[in-house]
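Okay, handing you the structure first.
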Amino acid sequence: MTEAVMVPMEHGLALAAILFSIGLIGVMVRRNIILILMSIEVMLNACGLAFIVAGARWGAADGQIMFMIILTIAAAEVSVGLGLLLQVHRRLRTIDIDSASRLQG
Amino acid sequence: MSGLQLQALLPIITLSSLILIQMMFIAFARNLRLTVSISVIALLLTALSFFPMVDHLPISATPLIQLDGFALFYSGLVLLGALMVTFLSYDYLRDQGERQDEFFMLLLLSCLGALILVSSNHFASFILGLELLGVSLYTMMSYPTRGLFTLEAALKYLILSGVSSAFILFGAALIYAIEGKLGFTELAGMNHTSAASGQFILLMGSTMIFAGIMFKLSLAPFHLWTPDVYDGAPAPVTAFLATVSKGAIFALALRLFTTTGLIDLDPLLRGLSFVAMVSILAGNLLALLQDNVKRILAYSSIAHMGYLAVAFVVAGKAGGQIMAMEAASYFLFAYFLTTLLAFSVVTIMSIADHEVDTTNLGDYEGLFWRRPALAAVFTATLLSLAGIPLTAGFIGKFYIFSIGVAAEAWLLMAFVVIGSGIGIFYYLRIIFAMTKAPRTDVKIEIPTASGWVAVVLTVSLVLFGVYPSPIIDLIGELMISFG
Amino acid sequence: MTESPLWPLVVYFFAVIALVLIILGLSSLVGPRSTMQRATIEPFESGVVGIGSSQIPISVEFYLIAMFFVIFDLETVYIFAWAVAFFELGLFGYLAISVFILILVVALIYEWKSGALDWGVKKRVGLRE
Amino acid sequence: MLVIALIGVLIAGGLIAWLSEGWNRDWPKWVSLVTIFLAAILIVPMFSLQPLVHQPDHSEWLLIYDYPWIPRFGISFLLGLDGLSLLMVALTVFLGLVALISSWDEIDKRPGFFQFNLLWTLAGVVGVFVALDLFLFFFFWEVMLIPMYLLIAIWGHERRAYASMKFFLFTQISGLLMLVSILALVLFAEALTGKLSFNYFDLVDLPLDESLSWWLMLGFFIAFVVKLPGFPFHTWLPDAHTQAPTAASVLLAGILLKTGAYGLIRFTLPLFPGAANDIAHVAMLLGAIGVVYGAIQAFSQDDFKRLVAYSSVSHMGFVLIGIYALQEITLQGSVMQMVAHGISTAALFMIAGALQHRLHTRDMNKMGGLWMDMPRMGAIALFFIVASLGMPGLGNFVGEFLVLMGAFQVDLHIAVFAALGLITAAVYSLIAMQKVFQGTPTQGRSLADFNSREVSTMLLMMIGLTLLGIHPQPVFDMVEPTLRGVFTLTSPAGTWLGVSP
């Protein structure tokens, strides 16, 4: 394909950055653990997007490979997170992170 | 894939296959003793599997793994830490009810992650190792059925380390976008790209990676999670987190920043020395306010990471690199011994208690009269943390001082001196608490495995504090074949 | 191609953060402070008083199944990637993927044995009552 | 091997004493008694050693051992013994004996661990007095603190937590400053000579840049003056002395303070002669202030131990003046003052400890008329009090006299100012004597007088002081070579006369 129809890389990266920041803010402001996990998912996928964009620029497969790795990581994170969540739910009957924070810093 | 490269992968292969075997044993013949002995065998075999390749270092097996003296040294540390933690957690979990076996499997898994991390030479292996380490680590944290705190600690750590991994990944993506490479060695000398935009994105990327790593090392602006997690997690897991996990990540950070020349980015270096100062100050000052031994240890570990960051800064300065690496390696070695010992004492104290670990300063009052040996060991540990002679910690502190003075980083040195001064205060508080009159005279049982761990660690702590030359020479030899 | 101007990225990045901060700040500033009353927290059912909780407890097994699904469909992702490049990878690739599958099989056996797959009966490892 | 054997004996003795507690609670003190006697036996042959004339570069030394320790940093296990070190080591062991005797019946909890700390403190101090490798010196410098800290923290009196913490913090932080200067010195020396070495002989009097050597010197100076203790940094001392158990006070006052003075003579002056000359006046002024300030403080104390503590601030002020007057007689005088003050203050602390042991108070207003109950103790106390106020014919007098005599030639005002200290000393000492032993005795009080064990120790010290007073020449001859070396380094113009009163 030719230069003309290509989206410049910066725009892709910018999109990824926006997604990333949204995820980050979600992690920071959300109180519900499930939503926090989802925001982390968003952040990780933003990274994946960034990798794919970058890979497209270099026309190399590395980007996609990293994306697969990221998918795996995200899956692992989230499944462990859900497991812990279930435990918390069993013990506290809530998934509000504040009520799950009794340790005083 | 040549035989040599296969040889380089041998430790990883050994460990993972033994993990599978252990898994099968757990599935079909669940028996705690058996599981633990398999873990020990696995760790020992892995350690052995390093020896064949000692003569032909450095080997780069696949672009992902780079085995050199540096990696070898830190792998040794990781295995040591994992072994000690295995013994500790055996005593800790033994009478915690059924089905504790998986814990040891997870321990091996995160040890595998750490091994990958210390020898990784590519962002892919970096991320994989990091996650393998992290995911199994917070599973370990939440594993024992001890109150709620463990769960909260695990959740906090999961969320924060998830975020920091995301940061690292995004940074890596940005760097990849500019450079088109992911291997550390190919990235070497990269920050000479022409375009200003490239420079900017590059700087942003490396800053994000930097931030992520600071998170994991709990350096000062990003240290908030540390005390909660240290306090909440069961003592052996805290020991693992404090030593193996941090050590591996530090090793990787050192390799990453030095080989890719990221360290030469001036803003990064300045940020780093800032981080070092803040961590030293914050760690020591906040520790003063605590009445909880685990939290004190948490803050003191923040301060120690600050001292390590000094080595980092010096590594960035011209010429100082090899010396700084040597210093960092010895300091980390001493830190491993000391921290493991400290947490083994905490573990021994906590075994009797089933709900939460015994970590209040009050519980340690009169230890000198109840269990003189244990108290003496703990005193040695604290003195080593404070960097007093006769202990390995002193030599580590001495190393930091010498590189700092050699690099003429006077401001940093001032912070180190002040920090150490404050540090003495709270370490002595614990020692003094132990010399008070005992509140109870409940007998403290010292289980065999942990007892032996404590003995071995104490002996080496004093030995390498008085006669450090063997380790120094070893490090010197290994560092030669770096990169 | 890299030479295309940089400012869009910068502007986007900071614009996003600024925007979100503004939205949050404004909403917290000018947003209505609802005084807490008995009816405040109830869902609005056009006057009808809601009965029961909207959160029906979902059986834990669903979560587990979801996790297993996530994990195993990732396996297929890898296998797919391998299958695409089957001929390039050749024997070594074949060995690699079979090791990969072997590991997952072992994991599956483990889960089976430790009762992660059986429905209802709570003799599972991970989840203690 | 003598010196190494000496340190080894003390360390081993400490461990044995600790272990022996397990079998019998009375063994530890016997063990450490035996240990100290062995140490004393090891010291005797040292007095007959001849200088190593066959080694030209250190000909004034009696013994030199050099073993590699951490070659990576050019650190070696370098021990050296010369007249000064020998004198100090002998004093250390002697006062160790005194400390042991003074605490003979006092310690009831964990006697083994107590003796362990006692002996290890001695070992650390001996190490400080003989170490010639700067790293090794710092090593011992820190090592001697920990057991002392434990002595105060575990067996101290009511405010021991505060006192021990203060003691440790002061000495530690100043020690860290010294470590930084040591490292800086070594690294700059490497830049000059191209040889990384902590060896004393490689570092003496290097042609360093003026301001640099000034800063490095400051690091050492502060560390040593804190220990001495010099005027602004003395605040740890009264608390530590007062709260410490008798044995620890004896060791603190008797020898730990001397390590500071020793460090000044052995390291600060020879390593940075130029800078030492620059700071000389300030140091002398600090010393004079210390003399007067300590005296005045002592004057206003009710606590007997605290009084003695402040009096030693005052007396060590003379040492500081003497060292920095940089005259041959003042150097001699301060060494003499170190020894004499060590003995007299140790004795006074022993008496204070005995009083507290019998009366369970240190408040002098609660005492009085004790001469009636305890004539022997009274007489002995009188002797040591007049000794410490500088009675002619006793060691302290010789020291202070020489110091002042030299100081007059250097700086009249400071010398006169310091001389005031002598008068105040007389006042507070006699007032203390009066408060404690004269006056009307409280009725119905039966107190055990000094028993033979204590009396014999006291007699030993009295003889020592008297000898120092009437025939000090042997001591002068002993330390003369060392001091001459220092003198020639610091004031190349001056001519060394030697002292013969």
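Per-chain numbering from 1; labels A, B, C and D assigned in written order.
Operating definition for what follows: a residue touches a chain if its C-beta (ideal position, glycine included) is under 8 Å from a C-beta of that chain, and two chains touch if they have at least 3 such contacts.
If you're wondering where the values come from, they're calculated on a predicted model, not measured in any experiment.
Participant: Which chain lies at the heart of the structure, taking centres as C-alpha averages?
Facilitator: Chain closest to the assembly's C-alpha mean: B.
Participant: Could you let me know which interface, B-C or A-C, is made of more C-beta pairs in contact?
Facilitator: Most C-beta pairs in contact, of the two: A-C.
Participant: Averaging only over C-alpha atoms, locate the centres of chain A and chain D and give their separation in whole Å.
Facilitator: 66
Participant: Quick check: how many Å separate the C-alpha centres of chain A and chain C?
Facilitator: That pair's centroid distance is 9 Å.
Participant: Which whole number of Å gives the spacing of the CA centres of chain C and chain D?
Facilitator: Those two chain centres are 71 Å apart.
Participant: How many Å are there between the centre of chain B and the centre of chain C, using C-alpha atoms for each centre?
Facilitator: So the centre of chain B lies 30 Å away from the centre of chain C.
Participant: What are the residue numbers in chain D that touch two or more other chains?
Facilitator: Not one residue in chain D touches at least two other chains.
Participant: Of all the residues in chain A, which ones touch at least 2 other chains?
Facilitator: Residues 9-10, 13, 17, 57, 83, 87 of chain A touch two or more partner chains.
Participant: Among the residues of chain C, which are close enough to touch at least two other chains?
Facilitator: 2, 5-6, 9, in rising order.
Participant: I'd like to see which chains touch which, written out pair by pair.
Facilitator: A-B, A-C, B-C, B-D
Participant: In the complex of these two chains, what residues of chain B are touching chain D?
Facilitator: These residues of chain B touch chain D: 368-369, 372, 383, 388-390, 394, 398, 401-402, 405-406, 413, 417, 420-421, 424-425, 428, 431-432, 435, 467-469, 472-473, 476.
Participant: Within the complex, which stretch of chain A touches chain B?
Facilitator: 9-10, 13, 16-17, 20, 23-24, 27, 33, 36-37, 40, 43-44, 46-47, 50-51, 53-55, 57-58, 60, 62-63, 65-66, 69-70, 73, 76-77, 80-81, 83-85, 87-88, 91-92, 97, 100-103, 105
Participant: Using the touch definition up top, name the residues of chain C that touch chain B in the complex.
Facilitator: So the residues of chain C in touch with chain B come to 2-3, 5-6, 9-10, 92, 103, 106-107, 109-110, 112-114, 125, 128.
Participant: Which chain C residues qualify as touching chain A in the complex?
Facilitator: 1-2, 4-6, 8-9, 12-13, 16-17, 20, 24, 60, 63, 66-67, 70-71, 74, 77-78, 81, 126-127, 129
Participant: Across the complex, what residues on chain B touch chain A?
Facilitator: Touching chain A: residues 123-124, 127-128, 131, 135, 138-139, 142, 148-149, 151-156, 158-159, 162-163, 165-166, 169-170, 172-174, 176-177, 180, 182, 197, 201, 224, 227-228, 231-232 of chain B.
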